[in-house]
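Below are structures written as structure tokens.
Two complexes follow with chain A in common, the first pairing it with chain B and the second with chain C.
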Partner chain A sequence: MKKTVFKTACTALNNFKIHFFVLSAFIFLMLSGNAYAMHISEGILPFNWAVLWFVVAAPFVAYGLYKLKKLSSIDPSFKPLVGLVAAVVFIISCMPMPVPTAGTCSHPCGTGISAILLGPGLSVLVAAVALFIQALFLAHGGLSTLGANIVSMGIMGSFAGYITFKTLRGFNTNLFAAGFVAGLIADWATYLSTSVELASGIMGGSPFMPLFTKIIIAFVPTQLPLGILEGAITGGMVVLLYKKRPDLLIKMKVIKSVGGVANEA
Partner chain B sequence: MKPEKSKIMIKMVMIFVLSAIVFYCFQPFVYSSEKWPGVDESVVEKYAKEHGRESSEPFINTDQGDLLLFVFLLAGTIGGFIGGYYWRMLIMPPGDRKETHSL
Partner chain C sequence: MHLFDEYYKNNNLLTRVDVRIKLILTFSLLVMVLCSNGIIFPLFIAMLCIVLCKFIDIPSRVMLIRFSEPLFIAAMLLFLKFFFTGHEPLFCVSIAGIDIVGYKDGLMEGIRLSSRIIGAVSLIALAGFSSPFTDIITGLSWFKIPSQFVDLLMITYRYIFVLFEDAGVIYNAQKNRLGYSSIRSGLSSFGTLSGELIIRAFDRSQITTQAMFQRGYTGNMPVGHSASFKINEVAIAVVIIFAAGVLWKIM
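The block that comes next holds the complex of A and B.
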């Protein structure tokens, strides 16, 4: 009897948490004022630098397309996960969040979670599609700076997040902690590379390092807390998927076995 | 009132109250838009301007009054529905899953 009551209470509490989370998220989205971006805006980078970043990004995007085609031909059921992750990355990366410590707004990237679930190759493709739509219709980033933004958010964010997650899991770190650090590093790596791109593009005749340092320091008050938030989102999503569909995480090679991580999540 | 119904009512009231708290916590940050610029303005464009580079108008300029807010809302709605649709496909019971080609 006691067990049943306890179980019912737990279920009710879980449902309550989910409802509260969904409603709060909805209200938060409805509150959105002006759209603020973190990507490099249209026309900021000189032509030669813009072309260079496109050249760097192109093979990664091509590899992402190849991976999508290959995985879809092996298992068509793979598509819902790609669709879900693409939607999540798109929404997360255009959701402005106020950072009271800095008095500015910015947004998480979502590439940490996409790299963990889909692998870094496909994550680059997902980020590229999200960035392209944002640049074309949402005045968010730019078409000429798309290559640079794919390199920072797509490539650097995805690979940094993926490598961090795999390394931590290799040391038997629990699922949430590994996801948290992966999300955090993915976010910070994105801003680190954005600073490199911006400093190298606008420095002209002045030295690179002082300008780069100045830009990265300017990003810190906003991105330090946002990175932590992104870490929490990433860790939370991995654990949520583990609870709902552990078989899916095994299939995507995020975890090796359900039993092996049962106590870790 | 049945105990089940009163439970639901209490739950709804609590959700409403907590959501209202969330709303009022974030409201000042969001509506004081002049005080909370994005890092694209406060960092990227600021330093670019210092070094003689200025952002140009987007290819399709939706940054005109409330149009930008509308396209963001539209994009969020479409993205949300797509995400929700696939999330439902992923977490539905295994019996139903086979019929819809989900994972």
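The block that comes next holds the complex of A and C.
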């Protein structure tokens, strides 16, 4: 009997703790003007974790550089194009977007659309360039956390977005829906991997899972709706490009050209 | 977004230092801050960097904006560590039937983490404020960063300003026509803005390539050559790293 009462009390206490945590997270997010939740800030990760994420990111960046060199040798306008897309991703990920449920602002990643247009290899490079400039001049992310941010925003975001888009297009899903889901998954994959990196970096002596869960809960108010917003924007962008400049989508092999006419299917 | 180029115009002692020396110093001190187990060393570095930022006349408002995001994150982590990790309770308050427990070891860990963030951010902020981008590019080339990456950095940096201006014009036009008056119209406007930027990026890439080839572009961007190191700057850097190493060990 005593044991059951104790167990119930513990569960109740844990529930209270979770409610308190969620409430506190809301208050914190509402207090902040801009919740730049996607990038891990400078100094958060200890040296060993920072190095590990650099090691993980390095082969992907190297692959992106190899691909850029190869494609630039065929079409010299490719390098300026990738640089300009990186500038667009930089601007998109600096733009505050209202997140109604949290009463705050956050920002989209932009890697979903860059992966759809350039492919995941070059999209990793685009993210690396944008993150480097943001870290150095805007204190958005960091140089020591650049590796970790490339892994979450560049690698996870780009590959998740690209694979989703290609898979859905393989099932003849329309452009908006495929773009929407790709943007959504790219955003959520970034947020999920950021949570893993953060929890593993700051856990110290504490166990991983409880901290990971708390970080996930803290991100939910902004990232859940933001993912949906980013999905809508990515879908909208793909459709806008299809309507206004289908030649660009054909050039980037997003859609096929049938008899010189852009074919959505 | 605040245009970050305007703060390099001052010709002062720090901006005149060889960018390679500044990069080596920043990297060395950053490693020490990240490996620091205490709170005094990172806070000491932060204080030093803030003083140096003031010395090169960086406005306090600009510094506050630069530090606002990392400070918020530091506060959030301190809070997270204080209330949700730890074993040794410092206090327990009951509010509306909810027990709020603050842990002593969690608080210490949170303070350590926050001081590390503030120290590291201050270092990078000082490096950013005191080095023009073109100098950083030259420095990175000297450190054998792949030329493809350096080229991309240069192109991206150049066109951020151009595209940002375009984005501003489109945004203001949309805003004046109530493009952001509701969530639905805001989303549609933002999607159009982003799509328009992508189209302009594609078009500009063609024009840029043509213009670059007319100016003798051969596939790689020319990067300024680094002058030879100045003995006095190297000596000062060695002394600073040694002194910081000793302080790091003591603190």
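The criterion applied here is as follows: the second predicted complex is superposed on the first by the 208 of 265 C-alpha atoms of A that agree within 3 Å, B and C clash if a C-alpha of one lies under 4 Å from a C-alpha of the other, contacts with A are read in each partner's own complex, and residues count from 1 in each chain.
Keep in mind that, in the parts below, a residue touches a chain if its C-beta (ideal position, glycine included) is under 8 Å from a C-beta of that chain, and two chains touch if they have at least 3 such contacts.
Everything numeric here is computed off the predicted structure, so don't read it as measured data.
Touch criterion met: A:Thr222 reaches chain B, while chain C stays clear of it.
Applying the stated contact rule after C-alpha superposition, one finds that A:Lys214 touches each of chain B and chain C.
When both complexes are overlaid on chain A, the residue A:Lys69 reaches chain C alone and has no touch with chain B.
After overlaying the two complexes on the shared chain, residue contacts for A:Phe47 are found with chain C alone; chain B is out of touch.
In the overlay built on the shared chain, the residue A:Met237 is in contact with chain C alone; chain B does not reach it. By the touch criterion stated above, A:Gly170 is placed in contact with neither chain B nor chain C.
Where the contact sets of chain A with chain B and with chain C meet, they give residues 16, 19-20, 24, 28, 32-36, 41-46, 76-77, 79-81, 83-84, 86-88, 90-91, 94-95, 98, 100, 133, 135-139, 142-143, 202, 204, 206, 211, 214-215, 218, 244-245, 248.
Interface of chain B with chain A (complex): residues 7, 11, 14-15, 18-19, 22-23, 26-27, 29-31, 33, 35-48, 51-63, 68-69, 71-73, 75-76, 79-80, 82-83, 85-87, 89-91, 101-103. On the chain A side of its complex with chain C, the touching residues are 13, 16-17, 19-21, 24, 28, 32-36, 41-47, 50, 61, 65, 68-69, 72-73, 76-77, 79-88, 90-92, 94-95, 97-98, 100, 110, 113, 117, 125, 128-130, 132-133, 135-140, 142-144, 202, 204, 206, 210-211, 214-215, 218, 229, 232-233, 235-237, 240-241, 244-245, 248.
By the touch rule above, chain A contacts chain B in their complex via residues 12, 16, 19-20, 23-24, 27-29, 31-46, 76-81, 83-84, 86-88, 90-91, 94-96, 98, 100, 103-106, 133, 135-139, 142-143, 194, 198, 201-204, 206, 211, 214-215, 218-219, 222-223, 244-245, 248, 251.
Against chain A, in their complex, chain C makes its touches with residues 1-2, 4, 30-31, 33-35, 42, 66-70, 72-77, 79-81, 83-85, 97-100, 109, 113, 116-121, 124-125, 127-128, 133, 136, 146, 148-149, 151-160, 162-164, 167, 183, 186-188, 190-192, 194-199, 201-202, 204-206, 208-209, 212-213, 217, 219.
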